[in-house]
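Here the structure is laid out as structure tokens; the discussion comes afterwards.
Chain lettering (A, B, C, D, E and F) follows the sequence in which the chains are written, and residue indices restart at 1 in each chain.
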Amino acid sequence: MKKLVIGLPKGSLQESTYALFKKAGFSIKGGSRSYFPSIDDDEIEIRILRAQEMSRYVEHGMLDAGIAGLDWVEANGSDVVNLCDMVYSKQSKSPIRWVLAVPNDSEIASVKDLEGKKIATEGVGIVERWLEKNGVKAEVEFSWGATEVKVPDFVDAIVDITETGSSLRANNLKIVETLMESYTQFFCSKDAWADEWKQQKLKKIALLLKAALDADDKVLLKLNVNEKNLETVKALLPALHSPTVNSLTDEGWYAIETVVDESVVREIIPDLKGAGAEGIIEISLNKVVA
Amino acid sequence: MKKLVIGLPKGSLQESTYALFKKAGFSIKGGSRSYFPSIDDDEIEIRILRAQEMSRYVEHGMLDAGIAGLDWVEANGSDVVNLCDMVYSKQSKSPIRWVLAVPNDSEIASVKDLEGKKIATEGVGIVERWLEKNGVKAEVEFSWGATEVKVPDFVDAIVDITETGSSLRANNLKIVETLMESYTQFFCSKDAWADEWKQQKLKKIALLLKAALDADDKVLLKLNVNEKNLETVKALLPALHSPTVNSLTDEGWYAIETVVDESVVREIIPDLKGAGAEGIIEISLNKVVA
Amino acid sequence: MKKLVIGLPKGSLQESTYALFKKAGFSIKGGSRSYFPSIDDDEIEIRILRAQEMSRYVEHGMLDAGIAGLDWVEANGSDVVNLCDMVYSKQSKSPIRWVLAVPNDSEIASVKDLEGKKIATEGVGIVERWLEKNGVKAEVEFSWGATEVKVPDFVDAIVDITETGSSLRANNLKIVETLMESYTQFFCSKDAWADEWKQQKLKKIALLLKAALDADDKVLLKLNVNEKNLETVKALLPALHSPTVNSLTDEGWYAIETVVDESVVREIIPDLKGAGAEGIIEISLNKVVA
Amino acid sequence: MKKLVIGLPKGSLQESTYALFKKAGFSIKGGSRSYFPSIDDDEIEIRILRAQEMSRYVEHGMLDAGIAGLDWVEANGSDVVNLCDMVYSKQSKSPIRWVLAVPNDSEIASVKDLEGKKIATEGVGIVERWLEKNGVKAEVEFSWGATEVKVPDFVDAIVDITETGSSLRANNLKIVETLMESYTQFFCSKDAWADEWKQQKLKKIALLLKAALDADDKVLLKLNVNEKNLETVKALLPALHSPTVNSLTDEGWYAIETVVDESVVREIIPDLKGAGAEGIIEISLNKVVA
Amino acid sequence: MKKLVIGLPKGSLQESTYALFKKAGFSIKGGSRSYFPSIDDDEIEIRILRAQEMSRYVEHGMLDAGIAGLDWVEANGSDVVNLCDMVYSKQSKSPIRWVLAVPNDSEIASVKDLEGKKIATEGVGIVERWLEKNGVKAEVEFSWGATEVKVPDFVDAIVDITETGSSLRANNLKIVETLMESYTQFFCSKDAWADEWKQQKLKKIALLLKAALDADDKVLLKLNVNEKNLETVKALLPALHSPTVNSLTDEGWYAIETVVDESVVREIIPDLKGAGAEGIIEISLNKVVA
Amino acid sequence: MKKLVIGLPKGSLQESTYALFKKAGFSIKGGSRSYFPSIDDDEIEIRILRAQEMSRYVEHGMLDAGIAGLDWVEANGSDVVNLCDMVYSKQSKSPIRWVLAVPNDSEIASVKDLEGKKIATEGVGIVERWLEKNGVKAEVEFSWGATEVKVPDFVDAIVDITETGSSLRANNLKIVETLMESYTQFFCSKDAWADEWKQQKLKKIALLLKAALDADDKVLLKLNVNEKNLETVKALLPALHSPTVNSLTDEGWYAIETVVDESVVREIIPDLKGAGAEGIIEISLNKVVA
């Protein structure tokens, strides 16, 4: 039987990745310490790996596909095929950023000021490439973690991952530059993409993952409206998604339902009610395929 | 930019209040120890305060609006505008009551027997007003908590908050009178109400909170029914909510959907099936605006 | 008032049984240590008992009905009326099996090899009946638990309950025979079944429990499709459930909705999209009555 | 190499048994789910078993020795050799009792009233032997647990294990008779006792376990005293333990040290100080061999 | 039988108070939610109360004695008899302070600047007395907690309890004045003190509590030393405590033992070793009576 | 003021290192997330760092001293001064080993078989040096963790840290060679060692840490013995430690006390008692300086 080998990231993302696959329709089983969990699809095998190494093993063909942050794909300089950007709602989650941070009282104000300095980072590849692009020569040393503690005693600056910057601020560091923003990607190897069967299978999985992700940010809105208010109410609904309108047996009344971004619901519900909509209800979704 | 400052209660209600706002469409962020959490609406600022003080600060204009129990609004004798009673389902949650409790073998049988006695309570204002209304003179002392332990050694009676009375019973106390029933309210100051922009904003928020609260007790019921059973089935559905009836392409068949109280579903589903309804499904709701 | 006394199993199943009743529309209250929890239906009384004893007390009329594994019903040899098999989805949960297990290097290869041997088990009744059926004579001793540890030092073989066999493998045991597969049942006494009122009540409860259980494995799928793709799309939907098709006001467009097994969704969504379906959404269900 | 196989009880006593062995000088390793933990003494092997079965396997020679409650030794009617009563301090821990309990309003007042009644218990053997001794005939049925819930609906009385009786009282039951008091024992088989090497090894282990147990209830008291107060101070010390008296280089001064029951320290320290003792200190002990 | 009723503080101090009594020789039993725990001394009864109210009930004779912070004794203006200052080691624990805190950018720099201002505090009595003493008139309002959040929006300044000031700094507040330092006290009523039996009993308890507290900060140091180094070694030992010197059978050798503050051990051990001390050991203590 | 900057390891060792310093007499404060905890010695500053980097920063003079595993000191090839081997009791804790592990069915049987193979490891430096020493050329790739999962799919062999080997076995790997055994060291830079004040301070700290570590494995044994048994009893005590013998006022009786390894206590106590020793007690120690 043909098999697709997919790498999933160990650690903080593992549980949410399992939950996402579950929502997409795939049940992954195996304790959090198992590296070979089982999945209820005989055509797929799962491997658990650190996100940092994922793209390396995908590129070299040991995995067909993997899920990891774009940052580590770039840190490894891996040549892989992007299947699906797993961007989460901007409102509820800031993207991960790689930033250059220095002590609040440091004179380093931009990448140019790093010439001849010492920088600690977990992403040596990312920093070296960035320094080269900017024509700056500096010493980059690998940090095993606790990077914030190293300035100013041990190094002049650090490049670290941050979401809100609060951990940096708590260590009296300021952000000077942003090297890159990152988000999670589902990607595959060029060989897997070239295989007809694997490409079809990967596209299906990507479609289902995307459908599950999109459902987090959207809801189904249903309402009834009298003919006289129909156009006003329809005008209030987001233009991008054409609502499903349906006449009821009750003459002159229509049922409308439409999928909208959850973030706009709080704005339009009061307006819809004001425009004569009745029986407005909001329902959660498991999957949305536009 | 115009701003609305809203106070939310610290403590046992805090988490459920955040969840309610989330369901209503507002995401509040900040650890449970933060007093200034952020909210994803630039027109709102959140303050975390003890429920006991909420109405005092709303009345004096330091907050535009707040959420707190009616009991503490009355204890403070605050003059505020009620925006929305946040009454929870009677079936799943008893209301909070302020009760006069005495030892099982006490001779105190009504408020009249308190003349000259000593009463411990967290709500000195509530008790003093109630004694005065009943023309009874008694010594009321502030209790910092653990009030149940104080009778009969320290005081003759206590006035305490109870939901089920079980904590009182466990301390061998009996409930003699109920001073007041209380539930959570969303209220604002008279000044905020007088401000056109604030009033509109507050009404929208109240509408959304109410929509989220109501959704807890209701579900969407969908079913198909043949023409011959249509009237029988419709007759079984709660009269207050007119169901949406819709003819299907399948001749002679209708699709019915209606929002009903979750508490009646277990009664009507067997009857609906008995009356010929097919494909009955029940769906949870996020928001309901009648 | 007429009353139905129902026994629910203590222990690992207790929490999920409460959740199932909740989903079915009955709220059971009482801490996990209470043996007499309350239920919000005045016609029902709940008792908490060990699953092993349930059928015994139902058969003898001390309970009208109970929930327990079929294995213990058979171990007790109880004569009860099955109301509803509470079989969970095969994909997500393996059934419970009673198996004969021996050390990996044991020479016992089938029931016949047990002649004259010593067997430890929690289900003495089950094993004795099985031995007798196979015409084998062996010593069966009651094990209070930790049965896996007893071979080979204390006994020659064990009969134990297993779901995945992993605990047995971890103790270097192999499974030689399967005595029975078991699943949870809702059953009542013959007397209760003979009582018209009780039978009606029990049927209603069974219908609601079944509706809640079925909803775990099913989802509502909604989509819009143009007339030209209607037949192709309908052909992709599972044949057993006839979908609800409904013409929209938008000429030439139809809305389709249908309840499908969650397990097939990941297969058909890519196909539906390929066949021209638009606005595909998947919604969770609380109850399904086919 | 000669080996001693010792069974330790699974469950609530397991952790404290490990701690006791540790204090006695033996380190047992293996997760709480392991049935074959390792011990740092090559002459000992440990097995983990349910206390209920311990004496049975010791008696039949599958284990050389075991630790379990005297109640289960008697329930099994096992003929074993007692090595050491592991009685805990009476002040800090009540003994386990097997009691006959009936509903508060039951007419059963003594064992005689059980004639023809139905009794549920986890210790069928204990109850049957006790009934026989009292010349009473009654039906005894095995209870898998949750025994308190079974009166009065399912049986007339129960025989259950209790320490403080609070769980019985909470179920509205009253204690009518005490069948037996029980405490933990370290016992061995007659065969092990007959083996010279095993007997010596068992005696050593029993001595060390006893030394560790006794140390829980005793402390070392040290103090200095002038010659003139020497006799008064000595008189205050418990007579059973002759204190170590030692003259200091400081003329006329003596150092006294003595091991005393922790429970009397609070009584004698104030008196010792009053009698002129100086520099009184109290030190915890790991082991005490009188 | 004569009884002493002692109040212990509910909340954060409760567990450590129980542990202290245990160390002193009294075992208190009862879950953390019980207000009437039992103690293994028939002459004592325990009540659990909020520290804020303790001195009020002691003063009025409802309790014979109590443990609470000096701050709340003073806040209540209670006239009680101090039995024992329960001061913890200064090195390991800062005392509790009541401080006046204002926003970092406030112009309030001393008590004098509070004239006409609004102050929130949990200790209204403490603040009012302090203002009066300083001849300042200001509005003091009771704060139910979360006091730090109230400046500058709701009040001009707060008086709050702090140990390290970190919570204040985290809220951008600065400490302007310290109203009082506080520590825990064991105190009794004047009536209890006047009762001969109660006074004796209270003195004994205070002696034992003090002995247990002192043992936290002290250790027993033992060492052997040759005659030639005896004086040098003795000179290194803290002068306040005269060490116990004892000649050994080994001629010319002395055993020294002495109780010293744990905080000096790290300084003197290297010196003692340098001066020729041998076999130096350090032992923990349960109780120390100087 | 002169200062010593000491690095302590972040992670699994952090809590036990704090506890060891506490026992040695130094109280370190700061949450587990703080990288700059405070210590109650004004001459010391603490930094928290990953063990992997410790020796690098000590060698380069950014820290005066540090605590880390010898393995990482060697992996970094750092030239530092060893102050104290922090070897734990061999009985209770196996040393950490770096081992070469391969699949159970691999043909790799020694370092020689690695020629041309691919090895994953967290300690690239350790492995490269070891290969070079053995004259073997192989590809060594850095593993971010989860190294066990990488054979055989991604690499041919791994070099990993193990204590008991159980995690390797659980992944069906076998240990082929041991590259090095490691234990924790307290070490300083050559510059710090050359500084007179720093050397003295470091020696004192090392002495105290060692005293605290040694106390874990030793106990104080005290007993009384009559003259007639004195020599027999003395002969039973470990020869290395000469016991303190002291004649008592009770004629013909001697008190003996001696510090012995905890591991021999279980052997000698039964013998001591057999030889006539009385009142044997065992006491725990905080510090031991031989």
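Keep in mind that, in the parts below, a residue touches a chain if its C-beta (ideal position, glycine included) is under 8 Å from a C-beta of that chain, and two chains touch if they have at least 3 such contacts.
Chain identities (UniProt): A, B, C, D, E, F = ATP phosphoribosyltransferase.
All values reported here derive from a predicted model rather than from experimental measurement.
Participant: Treat each pair of touching chains as one step and give the shortest count from chain C to chain F.
Facilitator: The least step count works out to 2.
Participant: With contacts counted as defined, which of the two, A-F or D-E, has more C-beta pairs across the interface?
Facilitator: When the contacts at A-F and D-E are counted, D-E has more.
Participant: Would you kindly state whether over half or under half of the residue numbers at the chain B/chain C interface are used by both copies, giving same or different?
Facilitator: different
Participant: Looking at B-E, A-B or A-F, which one is a repeat of the D-F interface (more than half the contact pairs shared)?
Facilitator: A-B
Participant: Just give me the whole-number Å value for how far the CA centre of chain C lies from that of chain D.
Facilitator: Roughly 43 Å separates the two chain centres.
Participant: CA centre of chain B versus CA centre of chain D: separation in Å?
Facilitator: 53
Participant: Let me have the rounded angstrom distance from the C-alpha centre of chain E over to the C-alpha centre of chain F, please.
Facilitator: It comes to 37 Å between the two C-alpha centres.
Participant: Which chain F residues sit where two or more other chains touch them?
Facilitator: 246, 283-284, in rising order.
Participant: Between the chains shown, work out who touches whom and classify the graph as line, ring, star, complete or other.
Facilitator: Contact pattern: none of line, ring, star or complete.
Participant: Name the touching chain pairs, would you?
Facilitator: Final set of chain pairs in contact is A-B, A-C, A-F, B-C, B-E, C-D, D-E, D-F, E-F.
Participant: Mind pulling up the chain C residues that touch chain A in the complex?
Facilitator: For chain C paired with chain A, touching residues are 91-92, 219, 224, 246, 248-250, 255, 262-263, 265-266, 269-270, 273, 277-284.
Participant: With touch defined as at the start, can you tell me which chain B residues reach chain E in the complex?
Facilitator: 10, 35-36, 47-50, 52-53, 57, 62, 143-146, 148-149, 153-154, 171
Participant: For a test of understanding, state which residues of chain A touch chain C in their complex under the given definition.
Facilitator: Chain A reaches chain C through residues 24-27, 40-41, 203-204, 207-208, 211, 215, 220, 241-242, 244-247, 254, 259, 283-290.
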